[in-house]
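Structures are listed in the sections that come next.
Two complexes follow with chain A in common, the first pairing it with chain B and the second with chain C.
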Partner chain A sequence: MKFKVHRDQFVQGVQHVAKSISQRTTIPILTGMKLEASAEGVTLTGSDSDISIEYFIPKEDEEHQYVEVFEEGSIVLQAKYFTEIVKKLPKETVEISVQDQFATTVMSGSAVFNLNGLDPEEYPRLPQVEEDKTFQIPKDLLKNLIRQTVFATSNAETRPILTGVHWQLNDEQLTCSATDSHRLAMRKAKINTNSSGLSFSNVVIPGKSLSELSKVLNDSDELVDVVVSENQILFKADHFLFFSRLLEGNYPATENMIPTEAKTSVILQSKRFLSAIERSMLLSEDNKNNVVNLKTIGNGMLEITSVTPEVGKATEEVTSEEMSGEDLRISFNGKNLIDALKVVDSEEVKIDFTGAMSPFVLKPTDHDHSLHLFSPVRTY
Partner chain B sequence: MDRQRKGRIIFHVDMNSFYASVEAAHDPSLRGKPLAIAGSIEERRGIVVTASYEARAQGVNPPMPLWEAKKSCPDLVVRKPDFPKYRQASENMFQLLYEYTPLVEPVSIDEGYMDVTHPVDDRPPLEIAKHIQDRLLKELALPSSIGVAPNKFLAKMASDMKKPLGITVLRKRSVPDVLWPLDVIEMHGVGEKTAEKLKRQGITTIGELAKSDPIQLKSSFGVAGVRMHERAYGEDHRQVDPDAISEFKSIGNSTTLPRDTKNEAVVRKVLMNLSDSVSRRMRRKEVYGGNIQLTIRYKDRKTITRSRKLDHPISSSQDIYEEVWALFQQYWDEKPIRLLGVTAQDIVEKGHAHQQLDLFQYADTLKREKLSNTVDHIRNKFGEGALLKGAQMSEDSSDLLRDEEKRGTSLEKDFLREGFLNEKQDNED
Partner chain C sequence: MKFKVHRDQFVQGVQHVAKSISQRTTIPILTGMKLEASAEGVTLTGSDSDISIEYFIPKEDEEHQYVEVFEEGSIVLQAKYFTEIVKKLPKETVEISVQDQFATTVMSGSAVFNLNGLDPEEYPRLPQVEEDKTFQIPKDLLKNLIRQTVFATSNAETRPILTGVHWQLNDEQLTCSATDSHRLAMRKAKINTNSSGLSFSNVVIPGKSLSELSKVLNDSDELVDVVVSENQILFKADHFLFFSRLLEGNYPATENMIPTEAKTSVILQSKRFLSAIERSMLLSEDNKNNVVNLKTIGNGMLEITSVTPEVGKATEEVTSEEMSGEDLRISFNGKNLIDALKVVDSEEVKIDFTGAMSPFVLKPTDHDHSLHLFSPVRTY
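Take a look at the complex of A and B:
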C-alpha cells in the first residue's frame, strides 16, 4: 500500500475516527486505526465495538484532488501514536507506505516515522446493517435532538437501558426520550419518510454513542441517512459512516408518566429562572445537596430557597410572567432543572405542577416539540 | 476564653461496675457477693460484661468468656443483662448530676463529664464531688469514682486512679509526677494499635510522649498525634457539651453466631434481625443513614467491613436489610462466618433527609413509607415479635436483638465487646 494525501483532509478524518477508538478494549487490534487505499480514495476505520466510524477521503471532488494512490492495500496502525503524529506533521501532504511485515512509513516533508503496523486481515468486519428501515434527517436537527435529550440519560449501570436514548418513529414523527428515572427529557421532530409509512419503537441508542456522533457532525442542514436494524443503528453522512450498537431490553413506557392536568401553572422567563436556580445552588457542595425549594408567595411571585446545613441559606424571589391555580410548595433537584433550562430553546417556559409529591412538567412556550418532566424531592 | 480555660473545674463521674451495681441495688442479697453480668449464660457467646469488685478480686476480668470466669471464681453469681433496668438507673444518675449544673455531658450509660466551674450552689469543688458521690451511693445504691481536674482529659484520667468510691484531684502541675511514668496505653484515647505504633517509635511512657517531637507525631498520626502530645502535657480544650451524645456518627449492631455458619438462610435471618434492630434504634432517635455497612468476621477471625453509599438516606428495616444482603452477596467469600454486624453511617436527622422520587415508582415509595410506619407503630404497641417476616421465625441468638431486655442499646457498646470495636468504630456513642 502506498498513497499520498492532503494533510488537512487526513487530519480531520483521523481525528473523527479516533473518537471511536478506545485504549481500554478487550480486543487488542481495536486499539488501532485501519487505513485502506483503493482506486476511489482512502478509508479510515475505528471501533471500540460499541461504536464504529468509517471515514472516507475521496480521491478527488470537482475542485481538488485529495489523494494519490500508488498502490492499493491496507494496514492497521496504533491509534495512540498515529493520531498524534498526523496532527503534528510539518508539510501539506503526507505519504504513507507499507513495506514487508506491516512495517509502515509515514512521511511529511523531511519528517519520517517508521511504525510497526498490525495485520489488517485481523481487523473485525464492520456490522452489516440491513437497509430496510431508513429515513433522512438534517444534521443540525439531529444535533439538536441529541443535545436536548442525552443529558437526561442515566450514568448508573443499575438499569443499563436508561443509559440510552429511546427513539420511536410513528406517523412521520420521531420521538426521542431520555430519563435517569428522576427526570425525563423528550424531544419530538417531524421526519419526512416519503410516505413510506416507516415506523419503529424501542430503539435505544447509548447516550455515549450519540454524544460522539454529535461531535463528528457539523452544523449544516445536509441530510444524514439513518438506518435502523435489529441491534445496530447507522448514520450515513457524506464522508462517514457512524455505527452504534443498540441497547438490549425494553425501554420503560414513559408516555403515561406525563401528567395531563395541572394544579398550579407558572410561566417564567427561562434565562432569569435559570440564573436564579444557579444562584440558589451556590452554597451547595458538589452534587451533595442539590435540593431547591420553591413556593408561591402571592402576586405572581415565587420564592426559591436552598439550605446547606452548616453553610447557610440562599433565598431569591422570582417574578412570574403568569401564574394560575393553587398555592404550592415543592422541592426538587436544582441541578436537573438547570440541565433542562440550558437546552430549552425558548424565551419563556411554562411549568405545570400537580402537587408537592407528584412529577411536574416544564415546556417551552414557543413551540411544543420538547418537554421535560421532573420528580420532586421528598424531605423527611 | 483564656480566663475561662484557666479556671475551669471539670468532673468525670464514672460508675463502678455499673451493671453489677444496679443488679445489687435491686437485689440486696447480691451485695458483697462475686457477681457477673454475662451476655448469655449457655451459649458460646457468653461473655462477662461487668463484674462486681468481689468477683474481680477473684480474677474475673471483663470482658472475658464466662467459662473462664467460672474457672477462676467457682461461686460466681451470674445474671443476664437487663438493659431497661440499667437505662433507668442511668437516667436517675444523670438526673442527680443535673441538680449541680446543667453542663453535664453523658459519655455512655455509666459515665459523664460535668463542668462545675459555676455550680448551682457555691460550695468548693471537692465538697461537691463528695456530696455527689455520697448521694449516688445513698439514694441510688450506686458506687462511683470521680475525677476532678481543669479539663476533661485530666478528669477522665483522675477518675480511673481510684476505684471504687475514689475522688481524685489531678492538677496540671502534677502531670509530670503522676502521668509521665505511666505506659502510653494508660492514656485515655490511646488504643492498642496506637500504643504499638508509638512503641515502635521508641515511645513507651506518657513522659516520653511529652518529650517527643510534635512534628514527627503529626506526620505519623496526623492531628491525633498533635492531640496526644498536648494531652501528655495535660492540655485539653474540649468543652463539656451537654448535646455531644446526640452527635453520633453511626448506629450499629452485631452478633456472634451460636455456631460458625455457611448457611445463607441462617445469615439472611440474622441480617434481617440486625437490620430490624438498627432500624428501630434509628427510628427511636429519628435519624436516617446515608450509608450502610456490613461487617463479617470469619472463623479465622479475619474481619471485613464493606459499605455502600446510598442515593438517599434510609431507616426502614427492609431498606437496610436489602442493602446489607446485597453487600453480603457481593463480598462474602463463602468461608464460615462467626460474627455479623450491620451499621448505618452518614447519619442525618429527621427533616434533613432528602429523596428524589423515582418517576416510575414514586407512588410505591410513598406507600411503602406508610407501611413501614404502621409496622413500627404496631411493634411499639404490641412488642417486637408482633410482626415478623417468615424468615425471621426460629430460635437463635439473633432473636435477642428483638428482645428489649437483652439487646444492646445505644450506650452499651461494651456488650458488643470484641476486637472490631476496638478500632474506634464510633459506634454511636
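Take a look at the complex of A and C:
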C-alpha cells in the first residue's frame, strides 16, 4: 500500500474514526485503526465492537484532488500513536507506505515515522446491515434528539436496557425516550418516511453510542440516512458510516406512566427556575441525594429550599408566571430537574403536579414535542 | 458583623483568596475563609499554612462605594461552599450578617443562604514579616520570572529544597534558578533597589507558592512590593498580600555547574526545533524516560530520532541557522527540552555542547538574561 493524502482532510477523518477506538478493549487488533487504499480513495475504520465508524476520503471531488494512490492495499496502525502523529505533521501532504512485515512509514516534509503495523486480515468485518428499514433525518434535529434524551439514561448496569435510548417510529412520528427509573425524558419528531409506512418499536440504542454519534455530526440540516436492523443501527452521512449495536431486551412501557391530569399547575421562566435550583444545590455534598424542597407560598410564589445539616440551608423565592390548583409541598432530586431544564428549548416551562407523592411532568410552553417526568423524593 | 458589598468586587476577592485554601489540611479552621468587616472595608483571609492571602475591599474609592458596614466583626465560613455561593448570587449586591453561634446569612435578591460559621478567634494570625528587606518589581516581569523557572523545580520530596526556586539579589540583579538535578533554568533581571544596596542569597520559595502567586497577578507593569524575611516572603500588591513560607536548607551551588566553553555550537529556530522534538516524542510511552537522540549529519543539518521498540521510530531532520565545531551525537530527555523551549522568548536559540557525556547549555540569542542547562542521558 502506498498513497499520498491532503493532511487536513486526513486529520478530520482520523479524528472522527478515533472516537470509536478504545484502548481498553479485550481484542488487541481493535486498538488499531484500519487504513485501506483503493482506486476510489482511502477508507479509515475504527471499532470498539459496540460502535464502528468508517470514514471515506474520495480521490477527488469537483474542486480538489485529495488522494493519490500509488499502490492499493491496507494496514492497521496503533490508533493511540497514529492519531497524535497525524495531528502534528509539519506539511500539507502526508505519504503513507507499507513495506514488508507490515512495517509502515508515515512521511510529511522532513518528518518520518516508522511504525510497526498490524495484519489487516485480522481486522474484523463491519456488521452487515440490511437496508430495508431506512429513513432520513436532518443532522441538527438528530443532534437535538440525542441531547434532549441521552442525559436521562441510567448509568447503572443493573438494568442494562435502561442505559439505552428507546426509539419508536409510528405514523411518521419518531419518539425517543430515556429513563433511569427516577426520571424520564421524551422527545418526539416528525419524520418524512416518503410514505413508505415504515414503523418500528423497541429499538434501544446505547446512550454512549448516541453521545459519540453526536460528536461527529456537525450542526447542519444535511440529511442522515438511518438504517435499522435486528441488532444494529447504521447512520450514513456524506463521508462516514456510523454503526452501533442495539441493546437486547424489552424496554419498559413508559407512555402510560405519564399522568394526564394535574392538581397544581405552575408556569415558570426556564432560566430563572434553573438558576434558583442550581443555587439551592450549592450546599449539597457531592454524591448525595440532592434533595430540593418546593412549596407554594401564595401570591403565585414558590419557595425552594435545601438543607445540608452540617453546612446550612439555602432558601429562594421564585415568582411564577401563572399558578393554579391546590397548595403543594414536594421534594425531588434537584440534579434531575437541572439536567432537564438545561436542554429545554423554551423560555417558559409548565409543571403539572398531581400531589406530593406522585410523579410530576415538566413541558415547554412553546411546543409539545418534549416532556420530562420526575419521581418525587420521600423526605420522612 | 453585618455588611453589604458589591458582588463583582467581592467575587474577585473571594476567588483570589480561595486559591490559598485547601480542603486537605490537617487544621480544620483553615478549610474556611475569614471575613472581617471594619470601618475601612472588608478583609478576606485564606491560608493553607504554606501560603496565606489577604485581600482588602475598601469602603470606597474616588468613583464608587463598594462596601457598607452596619456592624463591625468577623466570621470564618467554609470556603468550599462559600466560594461557589458567591459566584452564583443573582443580584449586584450581597448582604452578609452574623447572628448568634456564628450562624451567618448570605443574601442577594430573593436568594438566602444560612450557613454554619466557625469561630474567628480560632483562626491563626498571619505571619509577621519585618519589612527591612524590601524591593519592588513590576507584576509582568515577576510573572515571567516565575513562568521561566518554576517548571524546572523537582516534584520529588526526596530533596525538598529542590521543590523551590532559588532567589538571589546582588548588585541590583535578581537571579532566579530552579533545578531538579537533571536540568536547570536560570533567569536574571535588573531590579531597582533605590540604591539601598539590598542583597540576599539562599532565599528558596516553594514552586507551588510561585505558581499560585502567578495566578493572582494580572499582566500589568504595576509594581509589587517584595518583602524578604528569615522564613517568609511577602508580595504586596494594590488589593492583596500574598505570604509564602520559605524552604529551609542550603540550595546547591548551581553557577559553577554551567560549562563556559563549547565543542559544538548550533543556532536553531526556537519554534521549529520545539515542533521537531515534540513530534519525535509522539511515540514515547507515557512516563518513560523520553529519550531523544540528536546527531549532526553535515551541511548544517541535525537529525533527531527517538525509538520505542514496540511502537516504532520517529526521525526528523532540522536545518540549523548556524553550526560550528565538532561532529556530535548526544541523547537527552526530550520533555525537558520542550519545557524550556516553551518558555524561551526569543526566535532563535543557541545550544553549546561540550561532548556527548557533558551537560549542554541553551540560551536565547536575543538577550542573555536566561539560560537552560541539561544533563545528557546515557543510552548504552
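The definition used in the following text is that the second predicted complex is superposed on the first by the 379 of 380 C-alpha atoms of A that agree within 3 Å, B and C clash if a C-alpha of one lies under 4 Å from a C-alpha of the other, contacts with A are read in each partner's own complex, and residues count from 1 in each chain.
Please note the rule applied: a contact is a pair of C-beta atoms (placed from the backbone, for glycine too) under 8 Å apart; a residue touches a chain by one contact, two chains touch by 3 or more.
Note that the structure is a prediction, hence the values are computed from the model and not measured.
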- Message: Applying the document's definition of touch, where does A:Lys215 land relative to chain B and chain C: first, second, both, or neither?
- Response: neither
- Contacts of A:Ser375 with chain B and chain C, given as first, second, both or neither: first
- Contacts of A:Thr315 with chain B and chain C, given as first, second, both or neither: second
- Of the two partner chains, chain B (first) and chain C (second), which one does A:Ser275 touch, if any: first, second, both, or neither? second
- Among the partners chain B and chain C, which is in contact with a greater number of residues of chain A? C
- Task: Identify the partner contact of A:Val291: answer first if only chain B is touched, second if only chain C is, both if each is, neither if none is.
- Result: first
- Could you say whether A:Lys342 touches chain B, chain C, both of them, or neither, answering first, second, both or neither? neither
- Task: Once the structures are superposed on A, label A:Lys91 by its partner contacts, choosing first (chain B), second (chain C), both or neither.
- Result: neither
- Considering only touches as defined above, state whether A:Thr179 meets chain B (first), chain C (second), both or neither. first
- Query: Hey, what residues of chain A end up touching chain B and chain C alike?
  - Reply: none
- The answer for chain A against chain B in the complex is residues 179, 181-184, 252, 257, 289, 291, 309, 331-333, 357-359, 373, 375-380
- Note on the structure: As the complex stands, chain B meets chain A at residues 288, 350-360, 362, 365-366, 369
- Query: For chain C, which residues count as touching chain A in their complex?
  - Reply: 78, 81, 84-85, 88-90, 104, 110-116, 275-276, 278-279, 282-283, 310-318
